[in-house]
Amino acid sequence: MINELMIIIFAPLLAGVLAWIFDVKGIREGVAIIGAAVPLAYLIQAYQTLASQPSIQYSIVLSGFKFEFILYHLSWVFAMIAGVVGFAAVLGMVSTAKDSYEWLFALMSLTGVYGVFLADDLISFFIFWEIMTFASFMMVLKYNRKASLKYFLLSVLGAYAMLIAIGIIYAKVGAFDFTSVQRVFYQDAMRSVMGSDTLFSRNELLLIFGLFLTAFGVKAGTFPLHVWAPDAYSETNQSYTAMFSGVLSKAGVYGMLVIYILLGTRLMYEFGNIGAAPKFGYVIAFLGGITIIVGGLLAALQEDIRKLFAYSSISQIGYILVGIGVGTALSIEAAIYHAISHALFKGLFFLIVATIIHRTGKTQFKDMGGLAEKMPVTFAMAFVAILSLAGIPPLVGFASKWLIFEAVIHQNMPILGGMLFFGSAIGFVYLIRFTYAVWFGQRPTELDDTKDAPLPLAIAMGILALLNVVFGIAPGIVAGELNKIFGKEIIQGTIWELNLGFGRYNGLFITIWLVVGILIAAVIYFLGAKVRRVPVTDTYQAGNPVTMDYNLTIRRNFFLPLKETLAFWLRMSFDRLYQDIGSWVEDLAETLRHYIYNGNVQAYAWYLAAILIILALWGV
Amino acid sequence: MVDWRLFEPLFEFARRKSLWIVAFCTGCGGIEMPPLMTSRYDLERFGMMPNPAPRMADLFLITGYVTPKTLKRIIITYELQPDPKYVMAHGSCPLNGGVYWDAYNAIKHLDKYIPVDVIIAGCMPRPEAVMDGINKIMEMIEKGTADGWKRYKENYEYYRKNQDELFGEGWREKEARRWIPWLMDRKKEE
Amino acid sequence: MREQAIVEKILKEAPYAEGKVRRERRVEFTVPAERIKDFLMTLKENSFELMLQITVVDWLKDGEYELVYQMWSITHRTHAMVRTRIPRELDKARMPTVRDIYPAAETYERDAHDFFGVYFEGNEKMEMPWILDDKEQGLFPHRKDFDMLGYVKRKYKILDRFDENKDNYVI
Amino acid sequence: MMVIETALKALLILLYATFVGFMFMGIIRIVTARIHRRVGPPIYQPILDTIKLLSKKSSITHGLIYDFGIIYALGATILALMFIPLGGVSILRAYGDLILITFLLEIPMLGIMFAAMSSGNPWAGLGAQRALLTLLAIQVPLGFAIVALGEFYGTFSTYQIVMAQQSMGWSITSLPLLLAAVAYDLVLQAMFGKEPFDIMIAPGEISLGPMVEFGGKHMGILQIQHAIALFAETLFFSNIFLGGAVITAFASPIINTLATLVVLLIKQTAVLMVAIFIGAIFPRFTIDQAARFYWKWPTIIAAAGAILAAL
C-alpha cells in the first residue's frame, strides 16, 4: 500500500504525464482535474488524522539516499493553500490551457510545491524545489524566452545558494533530515550560551543564513531579487499564474519559516535582538517592508494588467515577510494567515485576469474599459477580490492584514508600522487603477460582444471568492488551525472573533453592522425619485456633445502625478542594474578571451608554468 | 410608498432656500457674479452656492448674450440638470437680442429654445437687479409658478422644433462629429 | 529718433517696402502682397519677435482687402503694422501663409479665412472648423457686402419686427 | 430585549451624529463666511440642501455600481461610527480597534470612487486619481501617528485609550503623542477635504471631480455620509488625542451621558475650528506638492513621535 503522502505529492505529476500522453481534448482536462483534486481530498482526510496524532511521516530509500516526508500542522496549512489554489488554477486552465505541454508542467510544478511543503530532509526539499522551478520555468519559456531566461538565471542563483548552504550543513552535521539539523543547531545555540566551542562558527552561520535568504528570497520575490517576478508572472498562462503567484511564491515563504525551524534558536542567541524582534528576522522584515513599498509603487505605474498584479503580488509577499521577520509567535501566525489570504485573493485575481484575457484577448489597460456590464459574474468576483486585497472588512484580506499590523506595532517597531500603512494605501491606489481601466468607464466598441467567464473559470473563481468571504467573516476558523501549529492559544476568541488581548476584531459584528448601515442607506435611496439609466455619452463634458468615438477615459499614465513625484526614485532600477552587471560580465568574458584565452599554445604554457611556480612558492 | 405630497411645502421651502447655481458665464454678465458671491452682496445668505456640476444644480444662470454655438452647450447642460430646475437670464440680449439685435450670430429670443423663468433686463443689470431677480425666482418657487422644467417637458416638441430649425436636424451628433476628423489626424501624428 | 532708425534699417534691407513712423513706438510699413514672406522674415531678423494679430479691412469701394499684420518687438518696445493689399474677389483673395515664420499666425490666418474668405496657401488647417458654425461657413459674414439684416431675419425668423431702413425699428 | 435596546441606542447615536454633522457643515460655511466678512448662510443650511437634493424629482444612474457605491459609502460610514467610543453610549466600543477604525474611516471613499468611476465621466476619473494620491500621501503620517498611539498605550482598543487618558491626562500632554497629534491634525485637513488639500474636488478646474455626476438623491445620500463622516472623524480625534470624555460625576446616568456628549461636542468643535481656519486662509496645493508636503514635515513629526513612543 503506497503511502498517502506519496499520493499527495505524485498524483498531480502522474496526472500531468497522463494528460501529456493522452493528448485528447476533454480527457486530458478530466485527468488533470482529478490529479489536482486527489491531493486535496487526501489533505482534507488527513485533517482528521492530524487531530489525533501530531504528524504523519513517511520515508523512502532510493539509491542510498533516504527521503523523508512529514505532514504536520504547519505543512498541512501550506499544503492546503497549494491544494485549494492549485485546484482552482487547474479548473481555470481547463478554459485557458492550449495544449498538453502546459498541463504537464503546470501539474509538475504542483507536485514540486507539494514536495517542498511535505519534505522533511534537505535533499528532498532541494529536489522538489528544483522540480518546481524547472516546471514553472518551462511554463514561462513557452510564452516568452527572455522573461524565462531572467527567471532561470535568478532561480539558478538561488538554487546554487541553497545547494552550497546544504553542502556546508551536511559537511558538519553529516545528516540531511530536518530533525538532526535542527538538533545540532539547537545544541550549538546552547553551547554558545555556555561559552564553549560551537560546531558552526559565527561566520559560517552568517553565510548559511545569507545563502538561504538568497535562495528563498528569489522564490518569494523579495526586494532586490524581485526582478524576475513581473516578467515571469505576466508572460505565462494567467490561470497558471494563479498557482505561480498564489502557491509557488509561498514556497519561498515556507523556506523562510524553514530558516526559523532549522537555524532560528542559534541565530537568535548569536546575533541578539532589535527591540523584541530577532536581529536576523529584522533583516527579513525590513526587506519585506521595502518590498511592500517598491512593489506597490511600481504596480501603480504599470500599463499592463498582468504586470500590475505581478508587482502587487510582490508587494503582498512583503507583508508576509514582515510578519515572519518580526518573529514572535503572533506575527508568524499573522504571516501565515496572510499567506493564506494572499493565495486566496491573488489566485482569484489572476483567474480574473485570465478570464479577461481569455475573453477579450487584450492585456493593456488602454484597450479595455466598461467590462462590468458585459461580464457581471467576473466583476462580482473582482469586487470581492478588490475589497479583500485592499483590506476592507469583513473580508479575509483585512483579517490577516490587521493581525500583521497589530503584531508589528505591538512589538514597538515604528518604521515597519509606517511601511505597512503605506503599503495598504498603495494597495488602494493600484486596485483603483485596475478597477477604473478594466471595469468602468467607456467601453471600446470592439469589446461590445464580450461574453462572461466560461464555466470552469467561473467555478474556480467562485471557490476562491467564497473562501475569501468565509474566512473574513469567520476569521477564527483559520486562527484555530494556526494556533495548532504552535500548540497554544495565541489568537483567542471564537470563530467569529480574533482576540489578542490588546486588540479585538469581530468579523460577524462588522458584517452585521455593515448590512444594517447599507440597509439604512438603501431605505433612503429607495425613498428618492426613480432613476433613469443614461449612457456614458450623456455625462457632463463641459457641455460638449460627445459620441462613442471620443475617448472619455484616462487610458494611459493614470497616476502621472505619482510618477512625477517619484521621478528621482524611478531612475533607480534593479532590473537595469542586473542587466548592466550581465553586460559587464559579457564584456569581461570578451576581454578575457581576447587577451588571456587567445588560443595561443605558448601562452597557455606560460600560464601553466606561472601557476606551478606560484604553487611551489606557496609550499605545496 | 410614502405620500410625499404631504411634505411638499417643506420641499418647496428647501428648494427656495437652497438654490445651487450653475453659471454659464460666456457673455458679459459673468463679471457681475463675483460681487454677488463675495462680501459685498453675499448671495450665500439665501443658501445659494456656485456649483460647477450641472447634475446637482437647481438654478441655471445665463449671463449675457447667447450665440448658437453656446446655445447648443446651454441646451445640453440644461438637459443634464435634474428636475426641478430653474433658468434665469441676465441682460437684454437673451431677452430680445439687445445691442446684437441685428447680429448674425446672437440668439434673439432665448425662451424659444429653453424655458426661462426670470429674465433681468438691462445692459448689464447691476448686481442689485440680479438680487431682485433672485428674490423674484424665490417667490415664484414659493407660488409654484417657476415651472419652466414642466413646460419644457410638456412642450418639448415646440422647443425641439425651434432648436432644430436653428441648428438643423441631428445637431448633437453633427456637432460631436465635427471635430473627429481633426482629432483622428492628431492621433496618427503621435 | 529710435523708431526712425528701425524703419531706416529695415527699409535698407527690404527696399521694395515703404515705411514711416506714425508716432512714438508705432511704425508702419506697406508691402506688396507677394513679398510679405520676405518682409516678415526681415522683421523677425530685426527682433520683432511677436505676431499679435492679422486683421483684415474690407475696402469695398476699392475692391480690395487690406491685411494688417500686427507685430510687436519686445526688444525695441515697438509696434509695427505691416499693410498689404489684395483683391477682395473670393477666388483671387489668396496669400502665402507665414506660419513657418510665426507659428502663431496659423490661428490668425484661420480667423481671417473664416470671416473674410482670405485663403492662405500652405496652411494645412485652413479647412478645419474655427469659430463659425456650419451654417455660416462660406458666407464670410464680416465682408461689407454681406446682407446681415436679411440673413438675421431668415435665420431667426423675426421678419415682422424690424423695419428695413433701420430708422424705425421695433424691439 | 437586548437587540431592541441596541437598535434604539444605535438609532439615537445615528440621529445625533447626523444632526451634529450637519451642524458642523453649517459651522464650516458660517465661519468661512465670517472670515470672508460675509454674513453666511443659516446654520441649518446643509439640512435644507440635503432635503432639496433628496426631493429632486428626477435622478439618473449609470448602472448598478453607481447606485451601490453610494449606498455602500453611507453604510460603511455608519459602520465606522458604531465602533468609535461616544462616551458611555457607543455600541461596539469593545471592538473599537485603532487600526480597524482607521480602515473603516477610509472605505467610504472607496465606495464613492467606485460610483464616480462607474459613471465614465473623465472628470470623475481625474478626481478619483487625485483623491487616491492624496490618500496615499496622507497615509504615511497617519500610519506613524497611529503607530505612536498603539506603542504608547500598548493597546489598540480606543475605549481603553480613552479610559487611560481619564487617569493619565490627555494624550497631547505627552511629547510623542503631541507630535503624533500635530501630524494627525494635518492629515485631518485632507480627510475633511478642506483646503489646501482639496485638489481632488477642485470645483473650478475639474467640476467637483468625483462628485461631478452625482445629483438628486445620490448627492443627498453623500451629504448625509459627509455629515456622519465629519462627526466620526472629529470624534475619533477627540477620543484618541483630546482625552475623550467619560463623565461619572452626576448621579443620574442620563445627565452623565448628556454631559459626556457636551464635553465631546466642545472638543470636536475645537478640532473642526482648526481645520476651518487652516482651510480658509490657504490656497490649494497641486497633487505632487501635497504628496511632497505630507511625505516631508508631517511624516518627520509623526515618525519622531512614533520612535519616541517606542523607546
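Per-chain numbering from 1; labels A, B, C and D assigned in written order.
Please note the rule applied: contacts are C-beta pairs under 8 Å (C-beta built on N, C-alpha and C of every residue); 3 or more make two chains touch, one makes a residue touch a chain.
All values reported here derive from a predicted model rather than from experimental measurement.
Chemist: Quick one: name the chains whose C-beta contact count is the highest of any pair.
Modeler: A-D
Chemist: Per-chain Cα mean versus the mean over all protein Cα atoms: which chain has them closest together?
Modeler: Going by the distance between chain centres and the overall C-alpha centre, it is D.
Chemist: Can you give the whole-Å distance between the Cα centres of subunit A and subunit B?
Modeler: So the centroids are 57 Å from each other.
Chemist: Measuring centre to centre with CA averages, how many angstrom lie between subunit C and subunit D?
Modeler: Chain centroid spacing, subunit C to subunit D, equals 59 Å.
Chemist: What whole-Å value do you get for the distance between subunit A and subunit C if each is reduced to the mean of its CA atoms?
Modeler: Each chain's C-alpha centroid was found; their separation is 69 Å.
Chemist: Quick one: report the Å distance separating subunit A from subunit D, using the average Cα coordinate of each chain.
Modeler: 35
Chemist: Where in subunit A do residues touch two or more other chains at once?
Modeler: Where subunit A meets two or more other chains at a single residue, that happens at 527, 529, 538, 540, 542.
Chemist: Of all residues in subunit B, which are in touch with two or more distinct other chains?
Modeler: 53-55, 82
Chemist: Applying that definition of touch, give me each pair of chains that meets it.
Modeler: Here the touching pairs of chains are A-B, A-D, B-C, B-D.
Chemist: Looking at the complex, which residues from subunit C come into contact with subunit B?
Modeler: By the definition above, subunit C touches subunit B via 128-129, 131-136, 141, 146, 148-149, 151-152, 155-158, 162, 169, 171.
Chemist: In their shared complex, at which residues does subunit D touch subunit B?
Modeler: Contacts found on subunit D: 29, 33, 36-42, 45, 48-49, 51-53, 55-60, 203-204, 207-208, 211-216, 219.
Chemist: Can you check the complex and tell me which residues of subunit B touch subunit A?
Modeler: 1-2, 53-55, 72-74, 76-77, 80, 82, 172-173, 175-177, 180, 183
Chemist: Quick check: in the complex, which residue numbers of subunit A touch subunit B?
Modeler: 527, 529, 538, 540, 542-547, 549-550
Chemist: Hey, which residues of subunit D end up touching subunit A in the complex?
Modeler: Residues of subunit D touching subunit A: 10, 14, 54, 56-63, 65, 67, 70-79, 82, 91-92, 94-95, 97-100, 103-104, 106-107, 110, 113-114, 117-123, 125-126, 128-130, 132-133, 135-136, 139-140, 142-144, 146-148, 150-151, 154-157, 207, 212-213, 216-217, 220-221, 224, 286-288, 291-292, 299, 303, 306-307, 309-310.
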